[in-house]
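Shared chain: chain A. Partners: chain B in the first complex, chain C in the second.
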Partner chain A sequence: MEQIIIFLILLGVGYFLGNRREQKHYEDIKRREKSTLHVPLMSWGAKQELPYAHDAEMFVGSVVVANDYFKTVSASLRNLVGGRVTVYETLLDRGRREAMLRMKESAMEWGASQVINVRFETSNIGGQGQAAGAVEIMAYGTGIR
Partner chain B sequence: MTRSIARATSVTLTTLEGVPGKEIIEHYGLVQGSTIRAKHVGKDILAGFKNIVGGELKAYTELLQESRQEAVNRMVMQAEELGANAVINIRFATSSVAPGAAELFAYGTAVKVR
Partner chain C sequence: MKYTPREITSEVNITPVHPLVNFGYLVGTVMATGIAIYVGLGVAATQIALRMGPAMEAKVGDAVFNSLFAEANLLEQDRRLDYLRPLAESLRSDALLERPKLKLHILDETIPNAMVIPGGHIFVTTGLLEDLETENELAFILSHELGHYENRDALRGLGRSLVLLSLNGLLGLSGVQLPSVLTGSLSLADLRYSRDQERRADIYAIEITHQRYGHLGHALGFFERLSAEDLDLEALARIMEWQSTHPLTQSRIEDLEALAEERDWALEGKATPIPGGLGRP
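Coming up: the complex of A and B.
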């Protein structure tokens, strides 16, 4: 009985706080994306003629994100029937955008006019037990000015 | 924090096949650096709490950034030993080798540019 109550409390806390944090994060991401729109990111750059620039430097942005308790449970339920796991889609989406923004912001601080040859790298760094499901997302590219 | 990856050294690092505005005069071949890090128990417990509400796990982000810096430093050290002044076409790879431990790996081509 106690276990069920704890489970339900965790579920509720995860649902309300998790959703609120996600909404806030998305608002933050959208605001920052808008304010950094004037610096383009390109995924090309290798196997091509080098762009004209005075300076080039590598920039890295990374973030480790995890799902809340409610979403972890709903994803494991989804596992039973298969199909789209929307809760993980939003997690990876905001993680990737956050990593990209961090890279972009550090490049802009340096004075980059654009960032080229951007690559992504995603890895599961899941630990033991409940900490499973943490994902590291990194973005790296070359800023030129 | 992320900027220091390139700032700590005079070696130019790029993910391109060269350094814009400069000419490659010598190739020294592949250089690489890697590090394996395990998580701190305290951080793991905190992350467990964080897992209830979701979102970013800042302690892990910092840990992995530090480790990646270490891997890049090792790669740069190798390049400096060879006499290179730039490392081009850098790529990263991350893999979890055991529960709670991750390997961070960076590799690139050491060159001399002018």
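Coming up: the complex of A and C.
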């Protein structure tokens, strides 16, 4: 019985806090995306000619987002039936957009007119078995001015 | 190429479903499947229990015997078995002759008890043998267990583990063994029967006892002594133990006496003594 109560508490904390943070984060992401919209991000092919620039520098934005208990339980149930893990879709989406924003904001601070050759890297941290893990998402690109 | 900033308004990477709806769907699906499997196993177990052939039953019985009594203190060389075996054989009904052969075991245990598991394994404790005063009592108790055996109560008592046990039996023929985790952990607590099952076993018992002795005198003696015992702590513990696997109520004795009167069977008669006594091996 005690274990069930602990489980429900963890699930409730995971759901209410996790969901609240997620909503706050999305509001923040959307606001920042809007304010940085005027600088283009591009992902060129390897052998394409680059735009002319005086200066070029690499910028890296990286973020680590933690999973919450509610998402872990939802995902492990999803593992039984298969299909889209919708709870992780938002987690990764948030991570990617946040990493990209951090990269873009630091490039804009430097004075970039555009960021080219944008790439993503993702790696997971910890999370053995049932323990909730975290994901690191890194975005990097070449800022030019 | 001219760059025109455009705000992204649609979320292509996110499935628009509320996390709680998603969670509810998942919990619902998994639980519904679980319940369906549980009910299905229950239905399958009952059907298997009713239809199982003697060869298969013997196999399942051996598996249960090995998992329950492998560590138990069984007296397999006891000379009392020479007396108990023919007595039990003589108490079989015609239907029981078709079933796996009876295998009698004496359990070294001071608490008086008797039980039957599938495959015709019948157990009596040394405590029970020491408490018995007449053969009629012994015959009644043995045939009560045989009644459970005839009605396949022990098989049904295995419940859902029976499905896996019989699967194991089938696979065993081809040399494959299911892991013991799957065949389940059995315990003596599984040998609990419903009131109705007990009643039917009792009816079997008085029919067979009457057939053998021509009367029911002394047959219920053991129960009467148990229920009349002074309720000191030790006696209470013994009664509780007996009740955990058998209902022992005054009303049960009364029911049986009423049934005997209805059939016009004598409730009094000469006691058949136990040759040599069973108290000492």
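One rule holds in what follows: the second predicted complex is superposed on the first by the 138 of 145 C-alpha atoms of A that agree within 3 Å, B and C clash if a C-alpha of one lies under 4 Å from a C-alpha of the other, contacts with A are read in each partner's own complex, and residues count from 1 in each chain.
Simple rule for what comes next: a contact is a pair of C-beta atoms (placed from the backbone, for glycine too) under 8 Å apart; a residue touches a chain by one contact, two chains touch by 3 or more.
Quantities reported herein were computed from a predicted structural model and do not represent experimental measurements.
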**Message:** In this superposition, which partner touches a larger number of chain A residues, chain B or chain C?
**Reply:** B
**Request:** Using the superposition on chain A described above, determine whether A:Asp93 touches chain B (first), chain C (second), both, or neither.
**Result:** second
**Request:** Mind working out whether A:Met1 is in touch with chain B, chain C, both or neither, as first, second, both or neither?
**Result:** neither
**Message:** Using the superposition on chain A as set up above, list the residues of chain A that contact both chain B and chain C.
**Reply:** 71
**For the chain A and chain C complex, residues of the former touching the latter** = 15, 19, 33-34, 37-38, 40, 70-71, 73-74, 77-78, 80-81, 84, 86-87, 89-90, 92-93, 114
**Fill in**
chain C contacts chain A in the complex at 3, 5-8, 11, 13-15, 17, 19-20, 22-23, 26-27, 29-30
**Request:** Would you pull the chain A residues touching chain B in the complex into a rising list?
**Result:** 10, 13-14, 17-18, 21-22, 25, 45-48, 50-69, 71-72, 91, 98, 102-103, 106, 109-110, 116-117, 119, 121, 123-131, 133-134, 136, 138, 140-142, 144
**Asked** In their complex, what parts of chain B are in touch with chain A?
**Response** 2-3, 5-6, 12-21, 39, 44, 47-48, 50-58, 60-61, 64-65, 68, 89-96, 99-100, 102
